[in-house]
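See the structures that follow.
Consider the two complexes below, in which subunit A is the common component and subunit B and subunit C are the respective partners.
== the complex of A and B ==
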């Protein structure tokens, strides 16, 4: 509850801060619309040749694009800006201010910057996803909806934990911004269902960089193709990664307190 | 109330392992794989205690270990060995009850959010520290009055001057009304007027709240105005802990003798009287051991055409410089160094 209030404060500050740079909104909107155009155009091209891609129907792929934008929007709005700020703080020593606050440092670090204009991705995702869901409507019962919500949540948590762990490396290596760039380019692969990729890449996108859990898995929940094993696998992985990333974070803090100047 | 110290440090040490590499590309490449490390004793077994309500100046040249000590006390660093308690807490356990009662201000670093008005950063700290509305409003009111913040609060941080920003930084760090303040060079880079404002404020805050303050500064004016007591560290070791006035006696048992000569020095060697600090036209400034001041001035007056002569205590800056020019581990024989000074007037 308390952290919720804190988050609300950061959110408000994000709005205030970005109101100062209004042009950003239009640039981001343009960028996101372009990206959406490319995504939808890609789908259109593919489906003029075939009506089935790796077992996925057009509407299911539309749902995937929606999920891709939704979670991508969350990453770009909250996780990535906060993690960038965190890495900057490590480099400049201003992390000290966060660590002397009487609140959980991991939470503070994770919600500390909200790039509100990036929400356009989420705004774009909603109509795309709604359209897809409506067209798939017949197959969507309460169970599927619940499964969808659960996989969406665990997918977000998986990506969050993963990015947190990557960023935590800043404690040891200080300059690790490039890791984020690498992640974001891997993330782009999530625009397509992982089943279309060769086995090795599928394995990479599932286990090494768990993009699949945040995109393909929730999207397969709406198209009713998700297996129970995948569902529980996703939940278990989310829980495990949350714990591991927490542990890793603490390790990083301990290192920082032990060695930094 | 029992007089148990607010800050108590025993044999506190911090050793950093730093990586080092030789200059050059090859060495740089090699260091990507394997790094040479070296231990640096940043803080080397220091002990002291500070009582409630004291303002203590923590002095030392760059790299002496001041900031490292402050960081250990504010819970940011684990010590390598030794003990420390502040308000009864071990700082590096980062107990929330402790963090809520202390604050850290670093003059070189900023906690205000860059793009938003100052008051919004205050709001953020209010949420983080969970300060009740009424108390928050009252504290902001008091700080605004004391630091004259009213015209600044609505401005984004990036539009403030360095001095204005520092005032706001300090206010942001005090919203939760901490009992212990660690101020690491709070006046650095500020102009003289602003330094004085900050100084007055710290004194005022200390008087009003009885908060304990540990302050580092390179400006002796800060120290002279605020701290009765100073702790001097050098190369991680404690050199001096006591009254500011005692510092000069202990480390710089010299007087500064300034003479104005009728016809200039006229080629006469002046270093027979003392170490020549400044010599311009007819004015000469000499450093003379305190015990010899009377003899030397007598001789100056007798042997030279003196127009004017003044004897002064050396400025505190010079005292400090004198302290820090001591070689590593020289603590024990410091007062004795007088005899090794580069002149020996006794032989004359």
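== the complex of A and C ==
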């Protein structure tokens, strides 16, 4: 509960900070719309030549695009800005200020910066996802909806834990911002179902960089192709990564000795 | 001319030395340029396999070769100058460049080529690996290979001139991010990176023929694939020359206007 209040405070600060730059809203909106244009344009060209892609129907791929934007928006609004700030703090030694606050440092670090205008990705995802879900409506029962919600949540947690672990490396190797660039490059491959990729790339996108769990898995929940094994695998991986990233974070904190101190 | 030669030699040496310092960052930035074509390669290969081995007149193997060639041609011609200029102008670093008795575009060209040569050591093997992995077969004609060299050079220069012109917009606005992204999206659609242009509706193809982007990317790639007749090659080179000259003129215009506007922030 306390952490919700903390998050609300950071959110308010983020909003106040960015309200100064109102034009950024329009810029971000334009950028997100352009990105959506690429995603939908790609689908449009592909589906003028075929009626399904690796077994995926157009509406199912539309749902995938919606999920891609939803989780992408979450990453860009909250996770990436917070992690960037954290890595910057480690480099400059200003992480001390976070560590001395009377709250869990991992939580503080994870919610400390909200780039509110990036939320437009989420705003764009909602109509895309709703359209897809409405058109898939016939095959969507309460069970599918629940599975979708669960996989979406565990996918977000997997991505969060993964990025937290990458960022935690900053305690040992000070310059690691570029790791995020690797992640974002791999992330764009999540716009297509991982099942079409060759086995080695699928393995990379599933286990090395867990993009698949945040994009393909939730989307396959709405298209009814998810297996029980995948569902539970996704939940188990989310739980495991949360624990591992927590452990890794503690390890890093113990190693941290402040900069220039 | 010889003066230019030695200047470029010096620029190359510094460019290589600097980039060698940032070799890890360099490799990481390279990844995006590999993932994107690989992604579309896989998508189109899947579509072609589902459609019984071909889409339009592109067979499965053609898509593989097309996107590997696209990866290489895009690598050969891309620039990152629009990000750099935003930074240069906002931070006032541009002043130092203006003091040098040589047009700043030369060091940018040298930087770009230096980076390309260094990264080719990674991208070349990557291309070979992808070709092996996807069982690509490619039998080029000698004349297309011979023609490819000047065509790629022209593509590089015209893309460089146009993107340098685009970068100059940073003199007028600090919102270059949105402009750049809009530009990238347009390029993606009309250059043949999203899909070979033959697979687009006729309208898009006609627009693409008028715009410069097709001549920067799809044209060299299609040449490599042996899909062009000698007549089409000449038309393409003509289009490249036209856009090269147009790019040169607009670069001159906007650069002069930009310098007059530049007020050296932070100085």
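Throughout what follows, the second predicted complex is superposed on the first by the 256 of 261 C-alpha atoms of A that agree within 3 Å, B and C clash if a C-alpha of one lies under 4 Å from a C-alpha of the other, contacts with A are read in each partner's own complex, and residues count from 1 in each chain.
Rule of thumb we're sticking to: contacts are C-beta pairs under 8 Å (C-beta built on N, C-alpha and C of every residue); 3 or more make two chains touch, one makes a residue touch a chain.
Predicted, not measured: the structure shown is a model, and the values here were computed from it.
S.K.: Taking the superposition on A as described, I'd like to know which of subunit B and subunit C A:182 touches: first, second, both or neither.
M.R.: In the superposed model, A:182 contacts subunit C only, not subunit B.
S.K.: Which partner does A:201 contact after superposing on A: first (subunit B), second (subunit C), both, neither?
M.R.: second
S.K.: Could you look at A:239 and tell me whether it touches subunit B, subunit C, both or neither (first, second, both, neither)?
M.R.: A:239: touches no partner chain.
S.K.: Who does A:93 touch here: subunit B (first), subunit C (second), both, or neither?
M.R.: After superposing on A, A:93 lies in contact with subunit B but is clear of subunit C.
S.K.: Which of the two partners, first being subunit B and second being subunit C, lies in contact with A:169: first, second, both, or neither?
M.R.: A:169 sits against neither subunit B nor subunit C.
S.K.: So, does A:2 touch the first partner subunit B, the second partner subunit C, both, or neither?
M.R.: first
S.K.: If you stack the two complexes on chain A, which partner ends up touching A:54: first (subunit B), second (subunit C), both, or neither?
M.R.: In the superposed model, A:54 contacts subunit C only, not subunit B.
S.K.: Quick check on my understanding: which residues of subunit A belong to both its subunit B contact set and its subunit C contact set?
M.R.: None.
S.K.: For subunit A, which residues count as touching subunit B in their complex?
M.R.: Against subunit B, subunit A makes touches at 2, 5-6, 9-10, 12-13, 16-18, 20-21, 92-94, 96-97, 99-103, 108, 254, 257-261.
S.K.: Mind listing the subunit A positions that touch subunit C in their complex?
M.R.: 23, 27, 30-31, 34-35, 37-38, 41-42, 45-46, 48-50, 52-54, 178-179, 181-182, 185-186, 188-189, 191-192, 196-198, 201
S.K.: Would you tell me which residues of subunit C are touching subunit A in their complex?
M.R.: So the residues of subunit C in touch with subunit A come to 24-25, 28-29, 31-32, 35-36, 38-40, 42-44, 46-47, 50-51, 55-56, 133-134, 175, 177-178, 181-182, 185, 188-189, 194-195, 199-201.
S.K.: Please give the residue numbers of subunit B that touch subunit A in the complex, ascending.
M.R.: 16-18, 42, 68, 71, 74-78, 92, 94, 96-97, 99-100, 102-104, 106, 109-111, 113, 115-117, 120, 123-124, 127-130, 156
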